[in-house]
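By letter and in written order, the chains are A, B, C, D and E; residue numbering begins at 1 in each of them.
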Amino acid sequence: MDGFSYNKILFAALTIFFTINYGLILQGIIGKIYARVGRRIGIRLFQPYFNIIRQWATRSAISHGVMYYLGPVFRFTGGAGILIFTPLILDAPLFNSFTYAGDVVLVSYFIFLGTLGMALGGGEAGHPYSAIAVTRGLAQTAAFEISLMLAIYSIAVQYNTISITEIIRAQQGGVLNWTLFTNPIATAAAMLAFLGSMMRSPFDVVLAPQEIPVGPPTEYQSQFLAMLMTNRTIFPVAKTVLYVNLFFGGVALYDSYLLTFVVFFLKTFFVYLWSVFVGVSFPRFRVDQSIRFFIKWPLLIGVIAVVAANIRY
Amino acid sequence: MAKMNYKKRWADLEKRIVVSPEGEEFEVDPMQDYFCDAKPRVHPPNKIAPLEKFANWCRAESIYILGFGTGCGAIEMRPLSSAMYDAYRFGVNWRATPRQATVFVIGGYASVKTMKRIVRSYEQMQGPKFVLGLCSCTINGGMYWDSYNTVNRLDHYIPVDVYITGCMPRPEALLDAIDQLKKRIKSGRAEGQNKYAENFEWYKANQKKIIKNWDMPDYSW
Amino acid sequence: MVDPIYLIVIALATAFALGLFRKAPSLLPYGLTLAALAVMTVISGSWAYGILSGSLEGTDIFTAGFTPPVSINLYMGSLEAVLLLLVNLTALMTALVLRKEVKDTSVYMLMLLLVFVMGLNGVIMTRDLFNLFVFIEIVSIASAGLIALRSNLEQLGAGFKFVIAGALTSGFMLIGIIFTYYTTGSLNMDVIASQMSPALAATGYTGLFLIFIGMIMELKPFPVNGWGLDTYEASVPAVSALVAAGTTSAMFYAFLKTSYMSGGLFVQAAAVIGGMTFIGMNVLALQQDKSRRLLGYSSIAQIGLAVLAYALVALYRIENGEFIVFALILTHALAKALLFWLAGIVGKDSIHDWGVIKKKMILIAPFAVAVSALLGLPPFPSFFAKWDLVMGLAARGGMVWIILILSGSLLEAVYLMRWFGNAFKDSFNEEDTLDWRFGTVLPVFFNMTVLLALGYLSASQSSFSMGFNWILLGAVAVLMVLDFLPGIIKNLLLMGAIGYYGYGFVMAAESYRSVFAWIFALGALITLLPGFGVKGKRMGFYPSAALMFAGLIGLIEAVDFMGFFLSWEIMTLGSYFLILRGKDSKPHALSYMLFSLGGAYLLMTGFAMTYAGTGSIALGALVKAAIIPHSGIIFALLAVGFMTKMASAGLHIWLPGAHAEAETDVSPMVSGILLKAGVFGLLMTAISMGEQSIGPVSLPYVLSWVAVITALVANYMAAMQEDAKRLLAYSSIGQMGYALFGISLMSHLGWLSALVISIVHFIYKVTLFLAIGSVAKRTGTRNMYQMGGLITKMPFTFFSVLICIIALSGIPPLAGFSGKWIVYNAVLEKRWMLQGAVAGAAGIIAFLYLFRLIFAIFLGQLKDNHRKVKEAPFFLILPQALLLGLVMFFSFLPGSLLRPVGEILEEFTTAGALEWQGNMAISDYGYWNGVAVMWVFMALFAVFFLILTINGRRAQWIKQFNIVFAAERPARPETTHFSYNFFAPVRKALGFLEYPFTTNFWNRVSDFLHAVAGFCRRIYTGNGQTYLLQMVIFVVLSYMLTKGGF
Amino acid sequence: MEQIIENIKKQFTLSDVTTAHGTYITCEKKDTVSLLTYLKDVEGFKHLVLITAVDWIEDNKFQLTYLLNSPKLKTELGVRTFIERSVWPEESEMQSAHHLWPAAKTYQRELHEMFGIDFPGSPEINDPLILEWWDDIPPYRRDFDTKKYSEETYYPREGRSTNDPSDYMKDQLYPREGEKNA
Amino acid sequence: MTGTIALITGILLVLIGLWGILTNRDIIRMIVGFSLFDVGIHIIMLSIGYVAGGTAPIIENLSDIGKSYVDPVPQALVLTAIVIGLGITAFMLTYAVNMYEKKGTLEIDKFEELKW
């Protein structure tokens, strides 16, 4: 909880840079995993780098209007904001640049800035597919967010704080101190919500690549798409880090930097893998089906988590 | 006498009189008001050669194909994404919208009607964009060489980077063509977009010759 | 001073003198009659003035030089004088109105009129029982003659029924008089009253009872009053006016005299009959659509109320009883005469044809005054009377009667307000004419003036001191008088008045009041700005707005319940007139008024119970009320009352229509500002009374669930609307749900959130309503799917909507987030996580409708006919710009808002209060640095924008149809704009939320009442004989019930 | 099937019945629609498979074939009729059968566009179906020279030899007649 | 005794009158019923003031003082009541005539133009 100092700007930039690279590699790995499940060889590990550089290097571009132009900016601001408001690694100054600005409530609401930017940008493009996809996305978000909120309430009561740093700190000192083990019900509710937020199968009808081409950004191209792609590399990482922080003990700063990064990598990777695991195994839900799913089981688990936390703590 | 109403136009594209909420009447011309009618521009390569070379390398290694089946050859493209051929390992990916694709695979014969859509989709693609002509039909009309309704040579209408012969060519041929395209891109010769912009009038005249009811702006942005 | 006996003499002599004239009418007899009536008016007026000013005393007038019991004597006291003045004035006015009838009929009519007035004078003055009977008979014969003035079939039938019913009644009375004489040996009421003892009452019971029931039947009790209704309906409106105002007042006074004579023997019976009449007639009137018969129902109901009030005053020994009863009866007489005269002017019987009244817009004013006076709305005497009555009843344990009186009043509001709404909104046939003459119009406005003046006078007569600032109402009156000026000048005047008064007012307001004072004063100024853009006079708008703002200011300034309640009602009235101005707002304004009145009556009951429990009507008494018995019920009553204004779930159905249909600049007033009155009241209750419970049920806990369900369902409903303003209206309901949730948390942070939400909701809802209103104005539609792509045409409006939806949804860099963050902390502190989660879900559903709002209107495809739409007019943009500045200020410096408000609340509770370290707010659970978030956001945004601009500077700007559409191109904007049934998948999954539970419930209540009315009113078969039978049965039953057997 | 043909023959004059590759009956132009109605309503040929035409340029006739299917009998029946072949830009005429099968509308539009056979009364019959703004002889008429058209319009690449399609087809199909002519 | 008889007669007349009013649909008969009702009331009034063996309440000379005489007030009242009753009956008859002229009938249940 420090105040502002100028080196934090540098730290924040480095955080974003680090996460972009990490996100790209993660994308490569996930793509590879998807391919192996389909018995293919799959993309090269560095394929996402090619894609993103190619996209930034596009020569021509078109713009549908002011909001269309600003949409990706909003989107990226939202993604980068979450990243620098969330502690990536506990007590590491480099990865805690602006965590003093707010707690988990700030982060969970800041997510919507990106959503809004995307929705507005896609909307101004005037393409009906964008609007259809946005309605789907918002509807699904509204459905899964409630169980996430219940889970956050549950652990907030458990740890008596909503500061992410404090929550991580409370989980230190052994694997069994993780929320996963101290409050498994809340973790279950949150991890189901996580599936929805990652927009992977069975909840990927928002993007619906062939039916309403790639969802909200259907009209996006060139640098605009490049910015969105960059955001897409950091956004899942930011979300995953948030879940790791809240439910899997976060990442503490070990004596060895290497160990710290290995732990960071493993935790985020395996949390991410959970959505991939589900994604490759299940077919797609319709939107109304996924809403019904989310307001049934995850909600029930979330309510149990809150009630249990209320009784116990 | 022939009763056929051959020159019928789509009513939604005609000029129309509308009444504003204040009751004022004015004319809306969809072709003028709803479509951008700017001409395409030439986008020269980056003057810093190494940067351009690097960008070309990335462009070559990241090929986003427009998933748009224009003819019977399109069926040969599908196996590429299967485990058998797995084009993904060469950096190939499919996008469902021209806005985000870089390579347009013309899958076989192009009838006049299809040609109209091909032109439109091609113009809607961004960036350095590349065209693969699949099958003989794109080269000389193939078995439709004397058809009243199928174009004979594609490169009169849009610039083509690589042709693939055969009727049908196998997926391996397509993979090979992609390889050829990569080489072409890396060597900086695949400037089809600029060629199109430079020779825009010529291409347009050719297109308009066969597409008689030209009911769209000259360049579909 | 002129001897009052001359009242009778003059009338009689003139009547006889008229006999000398030819039958054919001429101006002379008419002039003579007018002169006689005028002289009588002057005589009674001078007496009234004399007695009320104290220069005269009540005197007995003895006829034939003897004293009672030998002679007949009359009495002239203060009450008599006032009633005489009322009767004679009404008669004079009626004579004026009847000018045309005089030409059509004969001179006999004038004679009848004079005899009638003479009879009424006698009824009022006489103290002799038999003399009373004689005068009653004279009145009844004369009125039977007047009723059949036009001798058409309806009048004849009604008149005959009237005559036979009167004969039967007088027969009973006569028997009663003679029995009484037999037991008491006197006919003088004062003498009998002085002799009255339980023993005498027992022996003379039958006689006294017959007199009582006879007088009651003259007052037409429910259900034996079919003949009375027929009379009101059939006769010439002017005559009905005289009957309603004169006869009923005189008869009621006679009833009082006889009741006084019998020593209050039948008070309980009177209470039951009065109550029954009040409720019964008001229920039955629901199905009535003939205006004059409706007035008849209303008259009888009002008299029932007066009887009830008298009986209750006597039963419970309520202070200031004379004022209560006479305020009711005077208000009724004046208002009812006014309405009957108005009916004469309009000349239409069905209430659906009254739209023609709009040919002379000015007639709306007396109509509104009369209806409000009848309903007991301030500032009319009946309001103070009802208030005193209810307070007195509560203090002495008459809760049942309070419920009865208030529910009856609510029922009355249903049909009167419906009628008023019809008249104000219905279209009319241009060929219809009004009977617009000096003689017809003068009385109407005269009575209106008298009512207003009496209202002012009666405020001081109420037994409760009243902390209401009359200056405010004076301003309203001035605006009403100046209504002929152009709108812009009136707007300047009103804004000047509010600015001038508001400055001192805001500075004077303390504690949390100051927050609301700021909202009300600032809101008034800002929402009045758009008025400059409206051309023309805008008749009626500025007085109504002034009335509403006067009420709002009065709320803040009120120090006691009465001032608070009065302001509350004034505010309701003003906002009702404002809402009614909307295009299709008729049904919505009605339901708004009814719900508001219902809520207000609950408040009144709650206040009354507080007064009963603490003996004080100061607002501070609420603090004491926290520990008295029934404090839970008081809390519940007040809470539900205020929640009606906040439109919580179950009580919300008035809001969407009312807010959506209102005019462009009225919607922000009623939505952005008016709703805060409910928040203010509830916050006051919560802060004063603390946590209350009924039995084991904790009320704040119940409130919290109501609040979050309100928020959830309202937000869902908002997402499902096609109408942009309805969407905003539902959004208001949802936001008020959050505020209610904050209040129900009963903690520092909870209240802080409620206040913050009130403030920011005021800002962005005013802006949004102005923005959307201007879009609706420019595009000529409110359906969102008919708009689209307006961002290029109305860029500023788009920008303000964008900022507002970001603020409203609580996305961090803007001000709305502070409310959300505080709610989170407050929820954790209270551990109401389930409610918190529902509220959170509601917040996310809010995204759905907010995105829909901005997308469907401003993004997507621009429609053909909107290609030449212009940006909103300057005076709609100016207030938006001011408010946006405020939003941005609060967003950059959240502490500037949170700190002072938090300090205000620390006065009440400090537990869990925010701690401030520089710009960082620290709660028990988390922390938040709004300034840092804002700067981070701006820095990131700037950097990324720069990157994008450097990279994409060559972008080609293209037009709306340049989209990728599966190699085709879109056909038309209408078919390409995806907006109709926008959230179809959500509806598929969560459609059950849309089931109109509340609407159905209230519809069923309404249907049930109307069905009851439709069924029960069949007792009025129209057959005179049946009526007689009913009367006989009524007499017998009453006798048995009062005596408990024969 | 024989029974059906017997039944038909009772009411209609059939000029030819062939069962070589499926059953085809040939009727007169004026009888065609009533025969189709009879087949649909009485004999149960509920399904119209297609309508097609053959250009007998030598006989100056168009042959129309209505291919019907009976789901009950699981069999198909072709009804042929010959109509007068007009010289372009005159159009031939035939009665419309769209009231029997809505699908006939599309086939008739196609025939109108490709052969210049008009079906008065058929919906949208005058609107273009496949070709956009065609301004030549209807392309399926055999007097339309498709190769010439293609060469003039579509920029052929060099290096192909070709024959005139009508002569070529004549040589292939009617070699003796061709010799006679020659 | 005389007074009681008069009282009972009066009450009986009142009841008969009421019965007549309530059971006859003809307006004229109803008016007749009213007359009976009225007369009954008048007799009741007289019987109330009746003093057994009393003389007329006219004091002509001093010797009359102390004699019992009937109460004069009810008699005075009855005179007024009779006048009023007459007036009302006349009024009713006027109505009856008018109603018959307008509608051609005297059945009371035909005059139901106004109801509910």
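Here is the rule we go by: a contact is a pair of C-beta atoms (placed from the backbone, for glycine too) under 8 Å apart; a residue touches a chain by one contact, two chains touch by 3 or more.
None of these values were measured; they are calculated from a predicted model.
Steps from chain A to chain D, minimised over paths through touching chains, total 2.
Distance from each chain's C-alpha mean to the overall C-alpha mean is smallest for C.
Across the assembly, the mean Cα position most removed from that of chain B is the one of E. The most distant chain from chain C is D, comparing centres defined as mean Cα coordinates. Between C-E and A-C, more contacting C-beta pairs join the chains of A-C. Note: centroid distance chain C to chain E, computed from Cα atoms, is 50 Å.
Distance between chain A and chain C, defined via averaged C-alpha coordinates, is recorded as 54 Å. Distance from the chain B centre to the chain E centre is 112 Å, each centre being the mean of its Cα atoms. Between the CA-based centres of chain B and chain C the separation comes to 70 Å, rounded to the whole angstrom. Residue positions 41, 43, 97, 99, 221 of chain B are each in touch with at least two other chains.
The residues of chain A that reach two or more other chains are 59-62, 213, 218-219, 222, listed in rising order.
Looking at chain D, one finds that none of its residues touch two or more other chains. Working note: touching chain pairs come out as A-B, A-C, B-C, B-D, C-E.
Within the complex formed with chain C, the chain B residues making contact are 10, 12, 16, 18-22, 24, 26, 28, 30, 33-36, 38, 41, 43, 68, 97-99, 117-118, 120-121, 124, 216, 220-221. The touching residues of chain B, when paired with chain D in their complex, are 1-8, 112-113, 139-141, 145-153, 156, 206, 209-213.
Residues 778-781, 864-869, 954, 956-962, 964, 967-969, 971-973 of chain C touch chain B in their complex. By the touch criterion stated above, chain D contacts chain B in their complex at residues 88-91, 112-113, 116, 118, 125-128, 130-135, 139, 144, 146-147, 149-151, 153-157, 160, 162, 165.
On the chain C side of its complex with chain A, the touching residues are 789, 791-792, 795, 802, 806, 809-813, 817, 820-821, 824-825, 827-828, 831, 833-834, 836-838, 840-841, 844-845, 847-848, 851, 854-855, 859-861, 918, 920, 925-929, 932-933, 936-937, 939-941, 944-945, 947-948, 951-952, 954-958, 960-965, 976-979, 982-986, 988-990.
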